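Notes follow the structure.
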Amino acid sequence: MDLRLSGIAHRYGDLTAIERVDLTVGSGETVVLIGPSGCGKSTLLGIAGGLLAPGAGRVETAGAAPAGCLNPLTYVFQDFALLPWRTVEGNVALALEHHPLTASERAERVDAALALTGLREFALVYPKQLSGGMRQRVGLARAVVVRPAILLLDEPLSALDAQTRELLMADLLAIWERERTTALYVTHNLAEAARLGDRVVVMSRRPGRIKDTLAIDLPRGARERPEHAAAMADLQARLWRLIEDEARVAEREVADG
Amino acid sequence: MLRIAVVAALLVSGAALAQTKTSIALLPLTSSAPVFVGVDRGHFKAEGLEVELKFMQSAAAVPTAIASGDADFGVTGLTGGFYNLAGKGAVRIVASQAREETGFRFNAFIVSNKAYAEGLTRVDQFKGRSIGLTTIGSTFHYVFGRLAEKQGWQLEQGQLRALQTVPAMLAAVKGGQVDVIQAPPPTGIAIDKAGEGKLIGWVADHVPWQLGALFTAPKTIAERRPLVERFVRAYQKAAAEYDANFQKGAPGKDADALLEIIAKHTKSIPEAVKAGLPYIDPMARLRVQDIYDQIAWNKANKLVDAAVDAKTVVDLSFVAGHLDLPR
Amino acid sequence: MAESAPRPVAFRGGGFQPSPRRWAPWLAFAAILGLWQAASAAGMLPSLFMPSPVEIGRALGSLAASGDLGRHLGASLYRIGLGWTLGAAAGLAVGLAMGLWSMARAVGIPVVSALFPIPKIALLPLFILWFGIGEPSKVATIALGTFFPTVVSAFGAVDNVPRNLIRMAQSFGLPVAEIVRKVVLPGALPGVLSGFRISASIALILVVAAEMIGAEFGVGAYILLTGNLMQIDRLLAGVVVLSLLGLAIGAILGRVEAWLLRWR
């Protein structure tokens, strides 16, 4: 399923957060959106999934959703957004309970999602008993359990430490490989962008516009191999050059503001 | 003995030179009239006493103030709480205060309009009726208890409504939430006149009794006996003046002056005071047997500890000629 | 810095970490009682104003033996139970409504702010006029006293439910009623329960005031009665019963809270 954003603009009071953004994420493609802090990339993601009403512009999807899809546009949140009073299983099941499924269908789906994210043995555990990485795996399991057509990931690894981040990136890649899900991934981390994106879209500082787009040709599963190390370093350096000035001015703006 | 004599001598000689300071705890009610008269007409001063009036918030607070040493003397109505304190040796009665005396009108029985319409029109019909009181063990409770005994019916716990304050009690009878109360004068007459209830009889006509007393701490009697003697003497003179002006049929020549004094201290007006004067024994004599009966009744109703001995509650040595001495 | 012999680094952390001492409160309690009893026995405390623990215990014993303790407790528990249930249920409904709906909030906040600070004890005469001097006025006093704190705590609890959880539920397409049932209400539960603790204490305080109005039985009525009769040992025995009642209610609510909030 394609995700098409056209002419998107948004204001918070007097502040123009997004000026005018046109962006299409093709079916099965992963687009990583990077930009300095405050550039409106999270706002854009909120608009993309219908959680925020855009000031102007249209959001559309096109194409067929996968079989059994219950929630075409599905988020993964930076702060996990787990219900502390529900177990891992209960948090994953939350996404299904208001859909007309039989109890066994529901149980199967939950079990499959837990298996996919390696959470089976933690099914009856409460979130507070889990590490950050495991909590975000619950967030992932809750997202995949509805068989989404498009994943909207809002800095999903930013709250995690570097090692956990590596492990989860590998998990994400494995899931995408299997499910062929379209994904719009917001981050400020250049390494994540280089590792996960088919395309990387760089946004300017506020008011946010698309400054540049970089396609990455290397197959995603192979990018951490030693022979691609130089190419990856070059990629990250190019991204940094694109973003450096924006980040410098944005930093000062935030400090001034 | 020698020591007491020396102290007494010192006190007497001192009185000639300077006033002895003392204090009395009381309520701003007409029943405290002899104290007001004694202060404002100079009877205490003549005995060399400078009396500070300490007004209390409730009858229960008066003997407590004596027990705690906050005042030397107290006058108020006799309650279960008073006898419990007296039984523990905290206070002792030395003279009388107000009395419900046959032929004189003080507290009245007031029934609600609702109960009156239902036929509650006589004082011998209170059996099974809801009765408004301030508290269990109050003077009001005792009167209903004795009335029941005299009329030969049983006062049940379940028919009593303790409402804590006089205003609450008055509100309850006006609203018909209780059938009968006793109203202190002149409120009872006012309720009847305003049509908020019906006055159907006077307490004194049915249960004459020793309503209140003057008391002090046993310690004060033991250590400062001359002070107590002088105080009681002055109090008796005030009672006699009160009696001469109010209780001899026609008002005496100083009646208006005394009414002014009482009105000033009770924050009232002379006309209202006149309508609500209690009977005060002219020599501040107690009906002693009645005190014994009160203690017996309180004990029988488990309001006063069984260990309380009536003999230790009263000291008869300060007033000559007490009435109804027990055999 | 000149070369010198190695010096050990002294430990300077630690402390500031309260650790549980289960025996300490009991020991302190026993020590206070012991000192009190000793002072009474030595005649340092006048038994008229400050009866010894043994005397109070004896008064409590005779109260229990006479069977009146059960009657007093029963009457008070009935009033607290009914009054608190009514007040807390109504307060919960209003507080949740204020938390969920802007209209209810716009109307509710000024009304609650205006009525909350009215001392309920001052309204007793009014309650007698409205509800008479039977049980209704007593129950109403407690119900009204517990209503407002429950409203405030329930409203605050709903307000404090993390917005990101509600956004998450919306992103999965949960209907509004489901969001209220599965996210808002459980999220508000801790705040509601701590509000219950406060309102239960208030109910206990108000039972004495409520029983000022024509009560024959009740722990509050007993305390008032013995106070008026200057039976200080019995008065304090009544106070002990009231404190034990408070402790018991606190312990029960603590258990309920621990069970309902076991996910914490």
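The first chain written gets the first letter, and so on, giving A, B and C; residue counts start at 1 in each chain.
We take it that a contact is a pair of C-beta atoms (placed from the backbone, for glycine too) under 8 Å apart; a residue touches a chain by one contact, two chains touch by 3 or more.
What you see is a predicted model, and the numbers here were worked out from it, not measured in a lab.
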{"item": "Overall pattern in which the protein chains touch one another (line/ring/star/complete/other)", "value": "line"}
{"item": "A-C or B-C - the one linked by more C-beta pairs in contact", "value": "B-C"}
{"item": "Subunit A-subunit B separation of Cα centroids, rounded to whole Å", "value": "87"}
{"item": "Distance between chain centroids, defined by C-alpha means - subunit B, subunit C (Å)", "value": "42"}
{"item": "Rounded Å distance, subunit A centre to subunit C centre (Cα mean)", "value": "47"}
{"item": "Multi-partner residues of subunit C (each touching 2 or more other chains)", "value": "none"}
{"item": "Contact set on subunit A toward subunit C in their complex", "value": "49, 51, 71, 73-75, 77, 79, 81, 83-86, 94-95, 97-98, 126, 128, 142, 146"}
{"item": "Sites on subunit C touched by subunit A in the complex", "value": "164-165, 167-175, 178, 182-183, 186-187, 189, 261, 263-264"}
{"item": "Residues of subunit B defined as touching subunit C within the complex", "value": "60, 63-64, 67-68, 79-82, 84-85, 88-90, 132, 135-138, 157-158, 160-164, 167-168, 171-172, 175, 177-178, 303-305"}
{"item": "Residues of subunit C defined as touching subunit B within the complex", "value": "47-49, 124-125, 128-129, 132-133, 212-216, 221, 224-225, 227-231"}
